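Step one of this worksheet: look at the structure below.
Chain lettering (A, B, C, D, E and F) follows the sequence in which the chains are written, and residue indices restart at 1 in each chain.
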Amino acid sequence: MRPSGRTASQIRPVTITRHYTCHAEGSVLVEFGNTKVLCNATVEEGVPRFMKGQGKGWITAEYSMLPRATHTRSQREAARGKQGGRTLEIQRLIARSLRAAVDLKLLGENTITIDCDVIQADGGTRTASITGACVALVDALTHMRNKGILKANPLKFMVAALSVGIYEGAPVADLEYVEDSAAETDMNVVMTETGKLIEVQGTAEGEPFSFDELQELLDIAKHGLRELFDIQKAALN
Amino acid sequence: MRPSGRTASQIRPVTITRHYTCHAEGSVLVEFGNTKVLCNATVEEGVPRFMKGQGKGWITAEYSMLPRATHTRSQREAARGKQGGRTLEIQRLIARSLRAAVDLKLLGENTITIDCDVIQADGGTRTASITGACVALVDALTHMRNKGILKANPLKFMVAALSVGIYEGAPVADLEYVEDSAAETDMNVVMTETGKLIEVQGTAEGEPFSFDELQELLDIAKHGLRELFDIQKAALN
Amino acid sequence: MRPSGRTASQIRPVTITRHYTCHAEGSVLVEFGNTKVLCNATVEEGVPRFMKGQGKGWITAEYSMLPRATHTRSQREAARGKQGGRTLEIQRLIARSLRAAVDLKLLGENTITIDCDVIQADGGTRTASITGACVALVDALTHMRNKGILKANPLKFMVAALSVGIYEGAPVADLEYVEDSAAETDMNVVMTETGKLIEVQGTAEGEPFSFDELQELLDIAKHGLRELFDIQKAALN
Amino acid sequence: MRPSGRTASQIRPVTITRHYTCHAEGSVLVEFGNTKVLCNATVEEGVPRFMKGQGKGWITAEYSMLPRATHTRSQREAARGKQGGRTLEIQRLIARSLRAAVDLKLLGENTITIDCDVIQADGGTRTASITGACVALVDALTHMRNKGILKANPLKFMVAALSVGIYEGAPVADLEYVEDSAAETDMNVVMTETGKLIEVQGTAEGEPFSFDELQELLDIAKHGLRELFDIQKAALN
Amino acid sequence: MRPSGRTASQIRPVTITRHYTCHAEGSVLVEFGNTKVLCNATVEEGVPRFMKGQGKGWITAEYSMLPRATHTRSQREAARGKQGGRTLEIQRLIARSLRAAVDLKLLGENTITIDCDVIQADGGTRTASITGACVALVDALTHMRNKGILKANPLKFMVAALSVGIYEGAPVADLEYVEDSAAETDMNVVMTETGKLIEVQGTAEGEPFSFDELQELLDIAKHGLRELFDIQKAALN
Amino acid sequence: MRPSGRTASQIRPVTITRHYTCHAEGSVLVEFGNTKVLCNATVEEGVPRFMKGQGKGWITAEYSMLPRATHTRSQREAARGKQGGRTLEIQRLIARSLRAAVDLKLLGENTITIDCDVIQADGGTRTASITGACVALVDALTHMRNKGILKANPLKFMVAALSVGIYEGAPVADLEYVEDSAAETDMNVVMTETGKLIEVQGTAEGEPFSFDELQELLDIAKHGLRELFDIQKAALN
């Protein structure tokens, strides 16, 4: 039924490659099928001006698609001279999701910047970014502990994210591009490994959806997210 | 318990003033308590380039806060030279919500632009904007029918939006600023008058929220939204 | 003769509503007929870098038209990414006019920013802005005195502004849009309540004007400005 | 009394050098004492979009100061990424002044762009620009007639401009920088050779000025402008 | 002597991986030791405005470093709102080099855009980009021939590029970052497989260099470039 | 053979006029035939942030063409809102060339900014800029010594620059525009008066060039540069 032959709740093969580049304190290539995102975590001393003097750290994120990550080339935002609304929206989501996972007090006045650069896109780039970025974040925190910058582990719990949607009338998990572009409803769910929600963003692309359909989407998301937490853990061991 | 003395599910007094300014085809001042947003709908012939030749119309939105709509002055985006991520995110949400309410084919190759300018802010500006903008949209569509531009009414159903959140541990509706800034979870719900969902955006500002809490927030939102549809209808009669 | 039936020197009904919004230290809605401008005065500690250490205050202004303040929608400057020449010219004029009214030494190292946002335009928005902004400025100064920030009143005199022009060969006061767009000469006069000039800007839109016509325009302006000072005073009592 | 020893109404030595650069259709170096502005007029076929199909031409202007035209270096606007308010205000003034001198219908659908680049500044750069630009415009129009682009001469009259001001209590003409920076009132007058006004812009920099002082400034300006028209004519012969 | 133990003329291990991403018409990951650049070639119908109607094609390039490609994070150009001088300089060099390799007439009115995104940087990113981009270009041209867009092969010859420099007094080839940042002279050489030069850019970073040293640098470059052509050929078979 | 009748190695008449404007610490108008560039050197206390605390000075440069320096008008970069790649490339080259000529330690924590503004262009504007800028730099350094800002002369040697190229198959020096636009190869050479190289930038505009042709171009450049050093010296005496 699904173009890939997957069952409704089946996610794509997910791989997480740590230490993908050599300079970043955390560097992860995350792949959800053909979607490939490089997530680099950078540790810097100090915090942005609006956070100064509170004894707390900061986590921020930037997101970008390489111009030819997609079927047709999209204009480079650096050449256009500004980041689009979609980009800003996604990087704000990634940053909020990761900040929710960290005790900023334990981080001290340090900033971690997560760069999520989409090498190849096939749907679900923002949820793949969050899932990969959390692993890069863990590596960056470990680096900080090894360097003696942190005394305690500021991580409260792992976070992962999954896209779900209503495709041809039925709820499905982890939509690839051909499904995503035809989906009536699209929902991104960011969850903690403790089973709580950080972010739920459901959007009717075509027809509005019912409260019951929302429920079904949440159920299917919860199930797929459990798998993602297992994959994150395996990657970290 | 709530700063205003309201019950958990009680929304603020809402007023909708039509024909607020004299030039726009639809012009509504919407007030949710101290939150006041001017929603102007402009009708223009033609559609953006990416929509040309499909025989369909387009609805777009722009959102802005006057610099001193808030307690402290925020920098004017025109002076800064770019719109911030929050602005872009909100105007994309408003536009998506209104497009969902309209049969774009029946609109013909015309564009309706909704400008939502926040005169005074006290929480819930984006949901007030959607609620008011839908009324301005109806007035603009009526104008188009009166002018003979439209043969049939493209409106599929009214849409309204409400913010709900978890404040001091309990779900409440229509948060004003003091509640909003202290809320653990913040959720915006865009619904149709037929009781279906167009958009659900829930965000943990502090602690993550459970699936049960999400359920409670949805229930309280549905209740308040029913009231908003009554107020919209009253305003349109 | 005039579209409105007014006499040559007759200004439109002018209303000044103080405390129009709740957050700003001075907040005035000024209406010259159908022209409506919201003037918010914001008080902030400190001065811009180029003024630091001189023991003097600063007054600045920003001006904007809501996109649909006019007959047809104009592009939002924040979306375009820059303020146009007309906007910059007007806000520089407003700021100069108000600075002339204030003893900056008595203001101390504080900044007052006046935001003039045109809600609805029907000619004369810049002169209405100055006239309303001066009242908002007075309210902001009163606020500062009440808070003990100022020891003495830095206001030297009230200022008001009026547009005059040559319409169908005759000098008229307070042009509305239909007159303004057809006027051969357009002049803005900023005056003090003591009858002196702060700014005179006369422009031939069509045929050049004679020195005698300039004289007539100044006379008619002086007359109308006297009325504006009475209206300001009434509003402040 | 004046730093230069000039009498109150005496203007500085003015020289107008035509054909200063070799590519422009009109190219004039204008010098008012130490103020030196290069005015290049460029003729191009066609008009901006908003003028198309009206059978009329267009005249526009751009103004810039070389970074080190002044005592201390000012930041290059191209490097800053935008033109300042002063620049936009001046180039709008130059363009309006020259458009007033030309019958745009006789110009046909052609555009003349006047670039005024200040090589060295010592007060009065905008009025020198207008005075020199009018000569460059005449050369460009002659070029167009020689090329057969124009059938009739679209020039209605020469225009020139002069700055006057109140310096140490007395009205003076053609202020140089040391006077300008200390002047209480500063006024720019753009006049036609037929003795009519195109633009009058008077600004109180310090104390407001009286209607009588305005009169004296206009008188002194008229006198100096007569001299400028003689110098323009001499240069054109 | 060299940090890596390489001989003066020895280049780093170079690998060229074709079909690295799935959407681009040509997609190459090129690695010079730890320098890794993704070169994607996009084929689009039509040419930029300034090339229209000449019956010729166009080749352009864009270059970017991922923010954490380097030891410390550099600011994302899309977030800064403009591309830096170094970026523009490099992408102009890449584009010129590739255009030199192609008969633009045989390309027809089509555009090939080469995106060079540096995943990891360790010196020589611009020369690696050119070397990899040429292979991506060949794949894109093959794609066009397979699609019937091209009748003849527009490739005139392969091009490759190598950085050479004077490090600790001696000429060396293919500098890695530690050498590059300490080099007295840095030179980039772009050559054709037929042994001719497309671009030579030598810069004294510290002391000026002699004409003899220039000669030695050219010799060492020529030698290394021969190897690069072999590697390109092997990758294409 | 050459359009100007010059021999292959003959440079155009070069004149260097010092003290061309009155405000800059060094101000030179340099003319290579019809190419005229104004080079102003500004001395300012302090250094950019990235240089602070090293006890060293900084030299930077900005380059611009007046819009009508060329045959057809080019858009003003300040109006476009950004400097183009060509501009950035040239100003980086000028700055690097001058920094190579100066012992930055002896300069102390001072910055010299060289503004090169092209008044009229006829090929070779970047090399004329460097040649003239070096003389302006010398005047600025003399000014600093006279003011007691410098104890020793930081100038290590004069620098000059020349463009050479292959025009109609033969190497020629100092190309004017008609040659430049038809040249197959274009090369800019920056040399010290001691006969060493600071920068060599050779580009094949049409056919690639051989190593032998590169050699011939270098020979012809060296010869012309000797003449330029004589002209610089004469100007400085």
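Basically, a contact is a pair of C-beta atoms (placed from the backbone, for glycine too) under 8 Å apart; a residue touches a chain by one contact, two chains touch by 3 or more.
The UniProt protein names, listed by chain, are A, B, C, D, E, F = Ribonuclease PH.
The structure presented is a predicted model; accordingly, all values stated were derived computationally and were not measured.
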Between chain B (Ribonuclease PH) and chain C (Ribonuclease PH), the fewest touch steps amount to 1
Counting one step per pair of touching chains, how far is chain F (Ribonuclease PH) from chain A (Ribonuclease PH) at the shortest? 2
I want to confirm something about chain D (Ribonuclease PH) and chain F (Ribonuclease PH). Since they are copies of the same sequence, is their interface symmetric in residue numbering (over half shared, so same) or not (under half, so different)? same
Taking B-C as the reference interface, which entry in C-D, E-F or D-F shares over half of its contact pairs by residue number? D-F
Of all chains present, which has the mean Cα position farthest from that of chain A (Ribonuclease PH)? D
Need the CA-centroid distance for the pair chain A (Ribonuclease PH) / chain B (Ribonuclease PH), whole Å please. 28
Intercentroid distance (Cα basis), chain E (Ribonuclease PH) paired with chain C (Ribonuclease PH), Å: 58
Could you check chain F (Ribonuclease PH) for residues that touch two or more other chains and list them? 81-82
Could you give me the chain order round the ring, chain D (Ribonuclease PH) to chain F (Ribonuclease PH) and onward? D, F, E, A, B, C
Could you please specify the touching residues of chain A (Ribonuclease PH) with respect to chain E (Ribonuclease PH) in the complex? 21-24, 27, 34, 36, 38, 40, 42, 44, 62, 64, 66-71, 73, 76-83, 87, 113, 115, 117, 119-120
Show which residues of chain E (Ribonuclease PH) lie in contact with chain F (Ribonuclease PH) when the two form their complex. 82, 84-86, 88-89, 91-92, 96, 100, 187, 191-192, 194-204, 207-211, 214, 218, 222
